[in-house]
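Both complexes below contain chain A, partnered by chain B and then by chain C.
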Partner chain A sequence: MKQAMTPEEIKEQKPYLDWSLSEDEYNYISDTLLGRLPNYTEAGLFAAMWSEHCSYKKSKPVLRLFPNKNDRVIQGPGEGAGVVDIDDGQAVVFKAESHNHPTTVEPYQGAATGVGGILRDIFSMGARPVASLDSLHFGELDDSTTRMKVDGTVRGIGDYGNCMGIPTIAGETTFDPCYQGNVLCNAMSVGLMDQKDIQQGKAAGVGNAVMYVGAKTGRDGIHGATFASADFSDENATQRSAVQVGNPFMEKLLLEACLELISKHPDWLVGIQDMGAAGIVSSSAEMAAEGKSGMDLDLDLVPQRETGMSAYEIMLSESQERMLLCVNKGHEDDVRKIFDFYDLDAVTIGRITAGHQYVLRHDGQVVCDIPVSSLTDDVLEEESTEHKPVRITVAEQEPVWRPKIDDPAATLRCLLAQSTIADKSSFYQQYDSQVRTSTVVGPGSDAGVLRVRGTHKGLAMTTDGNGRFVYLNPEVGGQMALVEAAANIVSSGAEPLAITDCLNYGDPNDPEIFWELHQSVKGMAAACRIFDTPVISGNVSLYNENNGQAIHPTPMVGMVGLVKNIDRVVPSFVQQAGDQVYLVGATRDDYAGSELQKMLTGKISGVVRPFDLDGVHTTMRHLLHAMENGHVASCHDLSEGGLGVALAETLFKTDRGMNLDLRNLTGAQLFSETPGRFVVTVQPDHVPAFEQDLGDAAQLVGTVTNAHWLEAHLADSDLNLSVGELQQIWEEAIPCQMKSKD
Partner chain B sequence: MTNVRIFVTYKQSVFDPQGETIKDAIHTLGHDEVTAVKVGKFFDVTIDATGAAVDQSVKEIADQLLVNFNMETYHYQVLEEAE
Partner chain C sequence: MRIAVIVFPGSNCDVDLYEALGTVCGADVAYVSHHEHSLVGFDAVMLPGGFSYGDYLRAGAIARFTNIMPAIIKMAEEGKPVFGTCNGFQILTEAGLLPGALKRNDSQRFVCKAVPLEVVNNQTLFTSRYRPHERISLPIAHADGSFYADQKTLDRLEANHQVVFRYAEENPNGSLRNIAGITNQRGNVLGMMPHPERAVEAILGNTDGLRLFKSLLTNGSVKVGE
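What follows is the complex of A and B.
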């Protein structure tokens, strides 16, 4: 770094504009918060801490719509991750985070460090991470750059998780042209802990030590937080130095060292926080703010692997695998010994002070002396203007699109080869889903399920987000995101507990995009209330644009559910011949935003119609009741591709078939995507109990057979398909496209 | 014909876990005098051209294929110019 600018030069030359700090914000900081001009280091810290990524200044008013409490929630948003009571003194800890921008630029390292970052959030709470999930959205596979990105991202997730020994047990991957220049990579981590071990990101107690532990600091990822809050354009190639490289083996050591400290020596530790976006500054300032303390740090003591780093670079570096601890005075050496054993640096870099000043020293000089709250709490919330997009008003006037399906067999074959529907095993086979040997249901099912060792409980988990519905109708699309996640959890026999989210949108300064954000959060919040699944953690990723083209608004829901009896986990594929097949939930003509529409017309259009949220919730409750009493043999929820695709999926990898009477459905309705529906099979002797639980919501449609054949009579046509043939189409679609040389 | 050796290395500020691990392994051999290890790779390329045309070829190959400019940089040597 060259000679830093003077405060006056900063005022004149306005370098902060390049760091995404506005002139109004700069003036507010100078005039109101500090009463003087900030120096170079201070201006850099403000820019990072006041970025949307750290401060949520744009999205906060909207995020307040979410419910975040119920009887089970122990820790809601605001800490490293949310914590939920799962009885027996145990808790599940989970959070999802986006790493969209780094993954777009450098897929392998971007995805890997995304996984690494979210794992640190989990173990900074005192929990051991037990499972990873992901939600990936790419452009279409007919583009060679996209294929490279897919390959890099999947390898990055797999390598990091596999090296750490944490199974990746569920997730989703979808493809749409809107993600071509800006992929979405959302990583979720789930941890388990005893409630007594819960930690906070807090620094308090005058004289207590601020300790830096983990890997050394380099110049990697400077300004990652502000980078995440700026959109891409092709000329922006120089920004690309902001990519960090992860080292999972170091993270494994950090994990073990931190958990040893937390579980064996809780009296030494006051607080602990991951150094995530905006590195040392965000972790230390947030911990000081949480503890209502002052802090004095000497940056010369920070372990560094490069020479000549400026204060600004040290504070904003996003080097991976680092944590910040607040340690009770007198225990610094004890803590150091633990980390020494794991070959990790553990250095006291400062102390908690009386008052509320945030003081940084470097090369013998004070380089920053500002109130803690100015970085964390005084951020100017931004008023946003919003209005309904013209495209939605126009769509509301247009006639509803209704497909005419003469040959449903041919349509089903084509749908199964659509990249969003087709088999993803070529991706998830690269993930170790079995390590730790607690996996009951791995990838490829509705939800992943883990057993909680030493108990009879299990945890079900899923990630879901479908930007197409949200694009066409943000409010209803937001509801559908939650309903889809809940349907996946219930399908496996678990009760939905709570959710985390990643809100992926375009530039919120565009009033239409802000409207999408607001409406979709409103929809999600309403659904969260009805399903009693509060939002306990999450993150917001805005500015997902490429050359001015925004992605579809894509809120991702990560849901965790509780399986009360692990022996009653319900598989997603059919079991015995002779079992009765039920369709649960009513089917309407819902084609707007469907895979069928995308396939037949090449685009999505129309209005996604509202649906009966309460009704869907009641049906799911009844279904879960039947499952918990052992009346359900298999259950699969209906999503992309509707009933047709779901029926095929329940038969894949079995030797069975089905004989169905679907004469109240047309060929087109076979592919309608009405939310909140399930294909359920029931053993004959459980039929009366099942029908009593479900009532009118379940409609008997046929029988599981021993022929590997899908036979169905529809209102306007018949289906007669070899399951083996369908499975081959489904399995080969993605590997064939990935190998394409075009 | 020209033989060219293209060296691809991490950029200055990019963390090199492999180099760090090798350095630790060297220390276990007792060579504490080794203070840093950086890992890179090189490509020996034979090009049917000479002079400025070689520079042009190398630049294009490196830009488009051999180097990941998010993390890496490169330099090259002309080893010999054959007939």
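What follows is the complex of A and C.
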């Protein structure tokens, strides 16, 4: 097939600018890397591979701040997913990925294929996915378009994960006007494997086969990677051609076929990689680069479900449910038979060659002949300018906002109906949370917990991101994201192991936004070092803007923890009447960015104050020690809505109540959001041991009662509330808003 | 007794059934692929939940044409125990081994949660260890669980005591007469939307499904008469 333009026409007309390749980059490719003008296909490949989505050219300098090693890390960033040792020759494999742009444009397919993509990253490592999580951020529910997006996103996640038979066991959903024009949909997948089965995305060995397996290639998703690397505006709100369509049934077959090949015939396989963003080109070029090989592909052999596709389209298609394998010469037929059993295509589309050239043939012509490394390693890192946003400098000069709460009961009722705090069961009941029968703690708790079959271990997992704190103070907000995730993991009785992340920001060419990215990563990295939770995988999603308005900087932390004894998993709700109630961690006047501030003033403002990261870490270590020795009956971490909301949540779905002496707290402090705090209940006979473990960090505040009432004496008022009434408010808020006809 | 768990393309609760029977109950159980033609050597067969053929066309509609189906039908005709949960139930109705059909939930949404059930008939191979009209709780996880049959069929099901489980408090999907599980007239084929295999271990918070498998393992070798 002829190229759409000649190299000279490309130089003249600069179509690459529309693909987000800059003129400097184009000139560097022509003058330095190739010593000639790239043809149309080659220019398209460079645009995709050099996009931020594939190359991290903007964010790389910042990402280097993250720690990504410790004794347990087997595989850090750079492969399909990170791998962490969980003893007994087993490993947990996990990664999170954003699918913000597709979900904003077409919520159902965007979310569904977000789940599908992250699952392939897990099983391409040789692991069986065992749990999914999500982190969703939408505009406010009083907007009908947002309600449609929420509904579509939830159905998309559910339909894909449910059909795959992988339980969705935890996640978060928050609402803020800043996400109205740019939804955040971050999907995380967790897999389990025997360490001996670990795979790499590598292609090596001259003469070995490059095999294409799975679904056929169509025109869907062309330019998805560059689409994700540009701003949104009303102009491209209908940019549907870049959104892929998912087929979870096909992916289920692909999963079973790939795992059968990996576990039973490791000797046939050299490497395996998912075809994700930028489809065939990214998977094949990255595998060749990893194996320091050359590669020669015949695109006429690629299974196609549309006719007349150009080389450019075939290479850049982001059709779903496809994988690329490198197979030892002579085993092509063996591999094909496995995929035949599952009614899947498995076709040899090329070979590993000597040297380092990346050669593509189409219609009998060579359409690309460039060094492999020019696509993967020679990307020009972009220097970024950055400066502190004016809004933060201004906020630092302004007086601190202090709420006055005369009626904490009324405030608590209102907070429980805030959509970010209210019950999300109408969403997560659309997800199968129990399939594979290993879910010990499902959605609606601090962290989801799975048992590891055949062992006494468990895995706890959570996703957390709160853009409001990061917006007001990126560095401290970044620390808080990590602390919140760790608090959720520790609450369930698990030891934090490592994290994955999705870094969701606006346009990094704006120096203020780049500063937000830099500072928040700095904060996260510092917290990761203190908690010894390295970053083992993740992704960066920039350009989350709509009509020039950026989202709050929203780094999402996906954390996995190890439960040493599954019988010692700690519930998040109270147990027996007579158990003693403790507040762990000190409460300050922290209202900047809180749900209380948002509810009372309609916006967030002020400066989020630094906190004692080391102190919080030490307290959590002591708390976990008490839990592992069986001294804790229940534990719930304090987050949005502070102590007041946390107390109510620990009583919901039980028939218990609490009688509390909180006279050292004001009504306002009941809703302060100081990080690193917990409500803990302890059986009377474990009190001495618990107090010894926690020391001054734990303050005895009351007793669990048999009356279904929340009673508390505060410094300036009293609370006396029916838990049943509170639960009803909390449960009805979202279903009621979703039904609105406005 | 030796039990087959059928694996259709897209089955995903096959592991759960296998583990409930094998690991928890200590039964002799094996996976059998839909490609196979025979179930010789097996005393009972189970059809797992999941999304056979992606639920394309209609849940269970394509799975009934697989190679293994005639062997399953043969076992049913021989009076051997045949059990289907969720997608397995849907396949059994599509194959004509059970009457009625499973329609889309009234809510038009997938729903996953524990629901209260009444054991309406404890005189079956599968329910003899439950007390008459006992209230139990089992998880459901489906988008197409609304049981439908015409009035005559429903009356006949009731008259013959073929309604084995009924939703007890709320009806989560719009099933007629709150039906959650039925047998064939002979009583050796049971289909149900709830998942007993998800409720067999205390660590997962519910053991109400355990007695269904224990009932079968006790009674299964007794051949049900014509």
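Miscellaneous remarks
One rule holds in what follows: the second predicted complex is superposed on the first by the 737 of 742 C-alpha atoms of A that agree within 3 Å, B and C clash if a C-alpha of one lies under 4 Å from a C-alpha of the other, contacts with A are read in each partner's own complex, and residues count from 1 in each chain.
Here is the rule we use: a contact is a pair of C-beta atoms (placed from the backbone, for glycine too) under 8 Å apart; a residue touches a chain by one contact, two chains touch by 3 or more.
This one's a predicted model, so the numbers in the text were calculated from it and none came from an experiment.
Number of chain A residues touched is higher for C, counting chain B against chain C.
Of the two partner chains placed by superposition, only chain B is touched by A:Arg219; chain C is not. Shared-chain residue A:Arg453: touches chain C; no touch with chain B. When the two structures are aligned on the shared chain, A:Ser740 is found in touch with neither chain B nor chain C. By the touch criterion defined above, A:Phe341 lies against chain C but remains apart from chain B after alignment on the C-alpha atoms of chain A. After overlaying the two complexes on the shared chain, residue contacts for A:Asn247 are found with chain B and with chain C alike. In the overlay built on the shared chain, the residue A:Asp159 is in contact with chain C alone; chain B does not reach it. Shared contact residues on chain A (touching chain B in one structure, chain C in the other): 247, 249-250, 343.
Those residues of chain B lying in contact with chain A across their complex are 11-17, 20-21, 24, 68-71. By the touch criterion stated above, chain A contacts chain B in their complex at residues 105-106, 109, 215, 218-220, 237, 240-241, 243-247, 249-250, 305-306, 319-320, 343.
Residues of chain C touching chain A in their complex: 9-13, 15-16, 19-20, 35, 49-51, 53-56, 109-113, 139, 141, 143, 195, 197-198, 200-201, 203-205. Chain A contributes residues 155, 158-159, 162-165, 247-250, 252-253, 341-343, 425, 429-440, 451, 453, 566-567 to its touches with chain C in the complex.
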